[in-house]
Structure formats: C-alpha cells, structure tokens
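The following block contains the structure, expressed as structure tokens.
Labels A, B, C and D are assigned to the chains in the order they are written; within every chain, residues are numbered from 1.
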Amino acid sequence: MAATSAPLAKTVLRPSANAVGIALLLVLAYGIVPLVGTSYLYEAILTPFLALSLAALGLNLLTGYAGQLSLGSSAFMALGAYAAFNLSLRLPFLPLPVTIVLAGLVAATAGLAAGLPALRLRGFYLAVSTLAVQFFVGWVLNRFAWISNDSPSGVISAPPLVIAGLSFEDARGRYLFSLTVVALLTFLAWRLVTSPTGRSFVAVRDNETAARVIGVKVARTKLLAFALSSFVVGVAGVLWAFAYLRTVEPAGFNLDRSFQILFIVIIGGLGTLRGAFLGAGLIVVLPLLLSRFGAAVLGDGFDSGTLEMCQRIALGTLIVAFLIREPAGLAALLDRAVRCLRRAD
Amino acid sequence: MSPDLAFLVEVLVGGLLSGVMYALVAIGFVLIYKTSGVLNFAQGAMLLFAALTFVSLTERGVPFAGAFVATLGVMVLLGLTIERAVLRPLVNQPPITLFMATLGVAYVIEGAAQLAWGTQVHGLDLGIDDTPIDIAGVFVSRFDLFAAAVAGLMVAVLSLFFRYTRTGLAFRAVADDPLAALNTGLRLPRIWAAVWIASGIVALVAGLLWGARLGVQFSLSLVVLKALPVLVLGGFDSILGAIVAGLIVGAVEKLSEVYLGPFIGGGIEGWIAYVAALGFLLVRPSGLFGVRSVERV
Amino acid sequence: MPTLKIRLRSALVAGTALLALTGAANADEQHFPLQSYRVGPYAAGGTGFFGGFIDYLNLINTRDGGVNGVKLTWSEGETQYEVERGVEVYERLKSRPGIAAWNPLSVGIAYAMIDRITKDKVPLITINHGRTDSTDGRVFPYVFPLLLNPYSETSGIVEYLASREGGLEKLKGKTIAVLFHGSPYGKETIPIYELLAKKYGFKVEQIEVPHPGNEQQSQWLTIRRLKPDYVVLRGWGVMNPVALKTAQKTGFPANRIVGNVWSNSEEDVIPAGEAAKGYVAITTQASGAEYPVLQEVTKTVYGAGTGNLADRKRIGSVYHNLGIVNGILNVEAVRAAQEKFGKRTLTGDEVRWGFEHLRLDEARVAALGAKGLFHSINVTCANHEGEGRVTFQQWDGAKWSVVSDWIAPDWATLRPIIEASSATYAKEHGLTPRDCAKEEAASQAPAVGQ
Amino acid sequence: MLAVEALSLSFGGTVALDRVDLSVGVGEIHAVIGPNGAGKSSLINAISGLYTLDSGAIRIGDDRFTRVPTKRLARLGVARTFQNLALFKGLTVLDTVTAGLVDSQSAGLAAQILGLPTARREARAQRERAEAVIGFLDLSDVRDRLAGTLPYGVQKRVELARALVASPRLLLLDEPMAGMTATEKQRMSGTIRAARASGATIVLIEHDIGVVMSLSDRITVLDHGRRIASGTPAEIQADPAVIAAYLGLAFDEEAA
C-alpha cells in the first residue's frame, strides 16, 4: 500500500535516557507491582492490558511499520489460543513455552497465507481481504468440533500455567507470566524494527515503488510482516486465553476485537512500539475510569447504559481526534511532553 | 419445470433479489468513494441512525411522510457534520487514514443513535404485504420486488442527476479528476458536502428497506459487511458495478450455501462472498468495470 | 464511588433516604452483584431481565422489609454481554460483603466464572442457559442452571410437537427442520435432536444460519424444498425476526415454527411484524402482568416510582418475567438457607446450600403470587436444574398467550449424557464428584456453631 | 552500457513514446531533454521496469529485456532517483541511505534479531559506507533527521545518496536539480561528475539547458514521444529540429 499512515516517530530521548526509563518500568512491573497489587488490579486491569498490548504490538508491526492494514487481527488471536489449547491437550508432554511458540507458529503460518493477497491487492482491497480471513477463521473454529475438543458448548478451558513445576496459577502469577512473555516479545520486536528488515518494512510502507527499485524484496517483506505480526498476535491470543480469561469461545474473537486492537494502534501511535502499550492502557483503563467517574459524579441519574453509549462516542471521537490532530498517537504526545519537561530543566 | 430446476431458479431469483439489497448499501459507499476517495465504513452506522430516527418518530405518532422528511433533514445534517468535522480536516491524508477515521465516526454514530433513541428493538412496517407470488411454482417475494424497484428508481434518479444537473456534472468531473476539476474552478468542499448529503439519503432509503427486513436494531449496522464484497467485486467507484456485483454476490452466496453448504458444512455465507470477490480480483485486478490504473511516479 | 449509586438506590427503596443511609451500615444485608448489559446488541434482553430481577428484590425490601429482616442490596456493572467485561465486573464486585449469588444471563460470562466462583465458593445462577453438564451438582457444586438446560429444552420442544400431533408415537415419519445459529450455542443441541429423532422415528434436518443471521434466503428455500412438518428456531438476536420474515416470504406458516428459549421474547417477534403472528415459542415462565406478584410489583415498586424498567409497557414481558422468576428463585434460596443457618447475612457457601434445597411446589409458587407464572422447581444436590417444566406461548401480533400445558422434558433420557459429560470434565480437572447421599445425611444433623 | 531499441509505450490510447532509440556508452553522462510531456520520465520509468512496453526492447549491460524486472534493478547495478521525490519519509537520512544497500544484505532475519556477529559486522560495514556517501553529499548535519521533514533541495540530495550508496553501474537521474539554486546546481553537477569518475554511467533528465550542455557527453532530445535528435552538445545546439521544438516551448511558456 502506497499509503503511509504516519511517519515513524523518532525517538527524542537519548538512548541512555530511554534505557533508564525502560529499566525503571521493569523494576516497577517486576519489583513493586507484585508487592502492592490486588487481585482486581491483576485480573481486571494488568493481565488484559498486557495481552492487548501484545496484540497491538503485533498489529503495529504489520500496519504501523509495514503499512498493510489488517482488520482481522482477532482471527490470529483465536488461532493462537486454539492452537495452544489443542497442543496442550494432545501433546501434554510439551513444556508450556514450547506450546506457546508452536501456537505462535501456527498463527504465523495462517498469517503467511492471509498475506498472499497482499502481493496483488492494496489499500481497501487488502483490508477487505483481511476481513475475509476474520470470517473464515470464525467459521472454521465453529465448523470443526475437534478444535474445541468436542465440547458441546464450544467453550474451552485453559490448562494450568505451570512451567517446570513452577505454578503461575494465581492472579499474580498469571500477571508475571504475561509480563515476561510480553517483555520478551517486545524486546525481540524492538530488535526487529531496528534491523535492516525493519527498515525494509518502513520502506515498503512509505514508498513501495522506490523500495522495489533499490532492491527491497517487496513480496517477501510483506509476507514476512504478515507472518511475524501474526506470530505476535497469536501469542497474545494465548495470553488472552490462558492467562487472562482461562476460558475461550470463538465469539470472543470477533470483528469488534479486531477493531479494538486497531484502535489501540491508532490511538497509541502507528509505527511505534510504545504506542501499543499507551493505546492499550487507554483502551483498558478509560472505560473503567469513565464508569467510576460517571457513577461518582452523576450518581443514580446516570445509568450504565447511558454511560456505555457515552463511552462509545468518546472512543470514536478519540479515534477521529487522534487521526486529525496527532496521527502519531499518544506516543508522540508523550514525546512532546518529555521534550517540554526537558526544556523546562 | 422439474422440481429441481424450479428450485434452482428459486434460489437464483432469491439470490439476485438479496443482491439488490446489498447493492443498495453499496451505492452509498460508491457515492462517497467516487468523489473523495474515502471508503466510508460509517455507512452502516448511518443506515442504523436513519432507520432508528425514522422509526422512533413514527412511534411517537409522526405520520410516515413527516417522519421521512424529518429523518431526511437529520441525515442531511449528519452528512454535513461528518464532512465538515472529520473529512475536511483530514483532506490530503492517505486513504487509509480516512478509512480509519470513518471507523471512529461509525462508533460515534452508533453510540449517539442509541443514546438518543434507546436500545429497544423496533419493528418497521412499510405497509408492503410480503406473501410470496407464485410464478410457475417459483415463489418470489413481493417485498424484495418492491425493494428492487426502489433500488432501480434510486439508480435512475442518481444517473439523471449526474447527467443533467450542474451539481451532478461537477460531481462527475470531480470523480474523473479532482485536480483538474479544482483547476477549472469547481468548489470541491461544496461538492463533497453534496455527496455526503446524497449518501445520507441513500442510507435512509437502504435503512428503511433493511429495517423492514431485519427490524430496526443495533445489528442493522452490520449490513455493511454484506456490502463490502460487492464493492470489491464491482469496484469502489462504479454505481453500475455495485448493482451488477450485488446481483452476482447475492446469487453466488445463495447458490453456494444451498449447493456447496451440504458438502463443506453450512453457514458459509459469512465468507464465501468475500472469497469469491477476492478470487475474481486476483484474476482480474481491475474488478468488473474498473479501468486499470497507471502507477504514477 | 460506585457504592454511592447503590446506596442511593437502596435509599429510594426504603422510602426515606436518611433512614436507610444511616440504618444500612448495621443491618444484615445480602448482596447481589449484577453483571448486567443494558447496551449493545443484546440490550433488550438485559434491560428486561435485570430490570425484573431488581424489581423483585425491590418488592421484597419494600413490602417485607427484606428476607426475614435481611435487606437485599445489589450493584450493577455493565458488560455489554462481553466476556472480558463480565470478568472485570466480577473482579471488581467480588469483594463486596455478603454476596448471595451471581446471575450473569450470559453463557460466555458464566463459563469464564465457573473456575472463579468455585474457588471463591459463591453460587453462579444460570437460569435457562449455561453449561448443560453443570446440571450435575456432584461435579459443579456452585453452578445452577435453574429451570432449564439446553438439553431439556430440546426434549421439551419435541414433547410439545408430539402433543400437537397427538402423542409421541405420532411423530414417526414426520420431518422437523432445526434452524440453528452458527455458533457453539446453536450447535449444542445437534446431537440431542439426532438422539430424539432416532428414538421417536422422526426425521430431523439441521440447518445452520451464519452469524448474525440477517440473510436467510437460502436456508428457507432449503426448508421449502424439504417441506418439513415443523421448523424449530434455535435463534439468537436478529436471526429470529429475519427467520420469521423469510418464512413468510417463502410461504412457510408461522404457526408451524417453534422457537427455543432465546427466540421467545417480544424483541424476537416485534421486528417481524405481521410475519410473526401465530409463531410459537417455548418458555419456562409465562408472560403477562396479570399474576399477583406482577400486580404487586406494579403497585408497590412502580407505584413508588422505583421501577427499573424505563418503559412501563414492558412489565410482564418475557425477559422481565424471567427476571422476576429469577428473583423469586434467588430470594427463596436465601430463605431456605436462612432456615438452616439463621436469619442473618449468609456466606456464599450457605446460600449454595439454600439453592440445593430450593423446593417450590405448586402450592408454594401460588403462595408467592406466581401461580401460572412458572410451574415449580425441585433442586437437589445432584440435580441443579430442578425439574423445571416448560410451556409454549403463541404470539398474536401484540402479546404472547400460553397455548400448552406445563410439559415435563424427558429428563431420564438426558441424564446419562449429562453425567458422561460431567464425568469428562471432572477427569480433565482432577475433581472427585461429591457423594450427595452422604452430604445430605450430614446436613440433616444440626448445624454447628449457629 | 544501456541501449533502448525502438521503444513504444502508450497509456490507454495516448502514445507516450513512439519507437524511441537511445544508446548510452560506458562511463558516459547522457542527458535526455525535451519539452514538458515529451516522454522523458516515461522513458526512465520504462527503463526501470515500472511501465510495460508496447514494443521494443531495453538492453542493460549484456542483458536484453522486453520488460525490465524492477526487483532485479539493483542486482543489475541500476539505481535511480525520481522526478517527484520517492523517499521513505518515516526513516532518518542515515537509515534511508543505508536502505540503498539492501540488495547486498546477506545476514538473515534471525541473525539480525539475535545480533549474531555476521549481522553485526555487516551492519557496521553498511553504516560506514552510508556515512561516507552522506559525507560526500554534505548531509552529515541532517543525518538523524526524518527524511520527510527536510527542505526539498536536501531531500533531492538524500535521494541521490540512496542511489549512489550501492555504487551503481548505471544511474538514472530524473530532474535531480529541480528547484535548486544556481550554487546548488553547481555542486550537484560536481557530484554527478564525481559519480561518473567512480565508475557509473549516467542518464540524466534536466531542464536547465546550460547545465545540460556543460555536463553531458551526449544528449538525446525528445518531443511528443519521438526522438528528434541525438548527439554531442555541439551537434544538438546546431540541430534545426531541436531549435524548432525549443522555440515552440519558449513560446508556450510565455503564453502560460
């Protein structure tokens, strides 16, 4: 797609400052949160936040970096989740990390197939073809009962999270488990986007013709973006199913979920890694804040239905506002804020 | 006719008539895409909004004609607002950005529609008796025939409009070459506004017909998903393409569900139209009526 | 703070705000956290059901001053019928004191909660829906698919069709088409229809409608070719009115279409207009506002302006009455548990005991003002469904009217399938089924320390 | 080095190029000139395989094509710039120029991500080469800026740097000096000569006749899709057909 979504937001921080920031975040996430967190914090906020961040990170590789719009991300989450479920069910001797990697590979393979139309189609046509993937995967999960182990209701429940005898079954454990997976994949994604391959992604996004002329293998690059993105999104699906909800039904991976992930990417910032986290934070926390706020301020007169409608409107408005005012999303806002602070020093 | 043949004809006719309904939604997309290059995902939400407004007004005792005119007014206002508040500031942005903005707009409209009119499910009776007509053993739906007639009328009005009115001609000029049109002194914003109004009206007509079929409720906005394969097949910029592709998609969908479904499992309608349209596109990248565009560098 | 809203609500309930606000802190309270959905595609069902539930709790508080003096309170969290929002609400509200039971009215949310409520030892009520094998209380001690599970529903529908034909043996040679929603929910009863078809000698054709179901031309043409005697609608949301409309279009009479429990509300037929006239659907609770309990709700609750439904016309609608019945069942379970454990705030586990001893015979149902609203229930340790009877209502274009007796599904045929399924679950999760006889004997002994 | 044989090209009935011949020897700076719409850019685009030919053939080095495979251009030693900038606006100048080396990239994806020694060595070498070209084109000051945010003239130089970094045998430049001041043009001419000195054959589209005359070894003149002349600067200056075409152009431009 010749269309470009947003320039790669440039890091304004010095690398050292960046490193310090990341180290602080990791200390907070690993050192402080587990000491003070409540079950509600882990189960209702942090774990879904991590899973959605990872899904958005995956989509961002494809849409933000390589410029290929996908409206079917949740299909790959579903594939990851169901693949992991089947692997753990049918090959119970596999250690959990192996299961997760294999599940990611299943999603990646499907992503590769879904990426094939990208070699001929662009823009909206491609976006619509990813919708086809969304519906097709939904149908397949529903069609073949063995995928959900012939469960009459089609709902599967996740196996216990145990690695080498170490159990991550309680709320904090599942948070730490998700955190580790997300941190690891984010690191790898960072290596990717700063590598020559990542450069090729952006080249294809910003000017496909010029990219082809200088020798970027455009077809290969697009397929690679689809596969890598789907891998990450697939693993996010595993987290969603195994660490967060612990039961999964195909309906949970519908078009709305795909849009939700896309919105996270747009709001957070296309083509930035931290955008995925900022966007997911907003999408997960905003509804909770709004509903608390609405209940506190307006009390009884403000029923939950009205509130949800307002939230829908607020979310839509945010999308439009970001696209108009700050296409680089929250990530750019954050950069600007940091810059202001530094200037104030 | 042998029973099997009669059945085949019936499936085919049913499919073609469903296709008209898809085309009706698709036309709204085409109008906007043709002039401003935006794939307006909010078309479904506009449809819901129109139908919900209309039905809520009639339920409050407003007569049909009054409700229709009032809703028309609301749709005009809505179209203008979207154009002014969302698309004007985003002019010259890549098409994908505009598309994503319309996703946001869809959310806003859906929320606003239900905030204003509630989440109740409504019935919508256009006063058309829908008992089937029996033609040589083949049942044909009166309502679908009516819908087809409305769709035909709308296409006729639109083409007359484009052919014979000043705005219509300007509209076509913009569709052919926005830059050139700008140079010859046409005022693009005015045309865009006109186009959004037109698509609001199309949304109203489609919303009423679909609303009568499904009931007026949240899932009405999902009909866009039926229109997308039509657009892929017919091209995003051709009204004729939308009609023809609608017919093809409707027929393919029904025929494959009835004749293919038993072999690979039922319920394939959700994706078969997409796959068929994309398959066609891979073979013929310019679509049904599209012209092969030349890449400018 | 969300509690403000609840406080305000209970204030209104008590009639005088000050009194309640000061009094609420000390009195015994039993709390019902509600994962309601008042927006989104299924809002109509949510507003009706949770409205009815809240109305009934309100009635008990206003009329009786609670259950034996124990006030009933509730708090709402909006889920939009989405699983993850349901989980969020669960995590947010689960630490409220004195939680009696959870009532999500959503299969997906219910599934996601099974592990959690079992760990937290609070009952999960899935009236008319939920996981079929949770009927087996030996494996699912905290889950209660009260009145009707999907299998019983299937059997109930077949029994009803038999009664229309003049007996089960008359089903032989008949053809029944089942139009099901293309989702795990829709597919769940496929094997049961196959089983009953074999047992009674009728032919069954099961046809899938892809989600959301806004296009059904091909399915109904297939039906037209099959010429079935009946069509069973196992629908969902917009699929129901579209089915009725398309049936009319293809010349299939509405009075030969029978809807299941998710296809039985006003919202399912009103959009279909004329096409729905004559359509019949199963229900566990009759609709209409003429039952004494509904009269009281109208008078006491709506009369005081504290009714939950925005539109009073919906009093007595299918979902509202389901909510009322759900309220009766929850309240009576609390009452039953109070008999044993004392008239105070009970723990979730104690309320569970109440549900397992929820026995409302026809006389008791009548005493509760619900004669004809629903039939009876008899929940035991092993049977968490409770032998709910079903009835069938016909839509006349404006309202539902009951057109059948109270029909008992063929539980004996279904029980082995349910037990096989729950045994698999127990094995997968390393559970040992409870020994109900032993527990019953133990619970006959006076409770210690009360 | 490059030979275009009887190349014809049309877009939906409009003839863009009509049996055009062009022959460029090794190490030559060959200018293609002509009025607007003469088909100069179309010729370059056809040579780089962006357009499908109606007829004719293109020879690059020893290979002869009826459609040049764009994705093999870099492998063939061909690099180009575009008339309307075709930069990667989301990459920094350094990344953009480094991207010009993508064709010779050998370390695989895993090696890149895991930072294996082969990948690290290669990345260092690429970076050094890119830095050298950036220095050569005087872009060091903007090295870490996003290419899309720079002034037009600088962007032109970035694009040239991206083309030069892979040391191409054949360099196609489509109006590299458009929008530049006289001083900038002077420097650009020097850069182009230096590129030739390092072994590149150059095809150049340029409007500034003065620059063309002083820079080129040979000139081909197009008008309305036909070649009307070809020869050394001196020959071209004396060619009556060229004079006629350019008089017409001057007249057009005054009218416009």
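Here is the rule we use: a residue touches a chain if its C-beta (ideal position, glycine included) is under 8 Å from a C-beta of that chain, and two chains touch if they have at least 3 such contacts.
Fair warning: this is a prediction, and the values are worked out from it, not measured in the lab.
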{"item": "If a chain touches chain B and chain C alike, it appears here", "value": "A"}
{"item": "Chain pair with more C-beta contacts, A-D versus A-B", "value": "A-B"}
{"item": "Label of the chain whose CA centroid is most distant from the centroid of chain A", "value": "D"}
{"item": "Centroid distance [mean C-alpha coordinates] between chain B and chain A, Å", "value": "32"}
{"item": "Chain centre separation in whole Å, for chain D relative to chain A (CA means)", "value": "41"}
{"item": "Inter-centroid spacing, chain D versus chain C (mean Cα positions, whole Å)", "value": "73"}
{"item": "Chain centre separation (chain A, chain C; CA means) in Å", "value": "36"}
{"item": "Residues of chain A whose C-beta touches two or more other chains", "value": "4, 138-139, 142, 209, 305, 309, 312"}
{"item": "Shared interface positions of chain D, touching two or more other chains", "value": "50, 82, 86"}
{"item": "Per-residue overlap in chain C, given as positions that touch at least 2 other chains", "value": "38-40, 43, 47, 182, 210-211"}
{"item": "Partner chain A, residues of chain B touching it in the complex", "value": "39, 85-86, 89-90, 93-97, 99-101, 103-112, 114-115, 119, 225, 228-229, 231-232, 236, 265, 267-268, 270-271, 274-275, 277-278, 281-282, 285, 295, 297"}
{"item": "Touch list for chain D against partner chain A, complex", "value": "48, 50, 70-71, 73-75, 79-80, 82, 86-92, 95, 98-100, 102-103, 105, 107, 109, 112-115, 119, 123, 126, 144, 146, 148, 162-163, 166"}
{"item": "Residue ranges of chain C touching chain A (in the complex, touch as defined)", "value": "1-2, 4-5, 8-9, 12, 36, 38-40, 43, 47, 76-78, 80, 82-85, 87-88, 91-92, 95, 107-108, 111-112, 114-115, 131-133, 182-185, 187-188, 191, 210-211, 421, 428-429"}
{"item": "Touching residues on chain A, where the partner in the complex is chain D", "value": "4, 6-8, 10, 188, 191-192, 195-197, 199-200, 202-203, 205-207, 209-218, 224, 271"}
{"item": "Residues of chain A that touch chain C when the two form their complex", "value": "39-40, 43-44, 48, 138-139, 142, 145, 148, 151-155, 157, 244-247, 249-252, 287-288, 291-292, 295-296, 299-300, 303-305, 307-309, 312"}
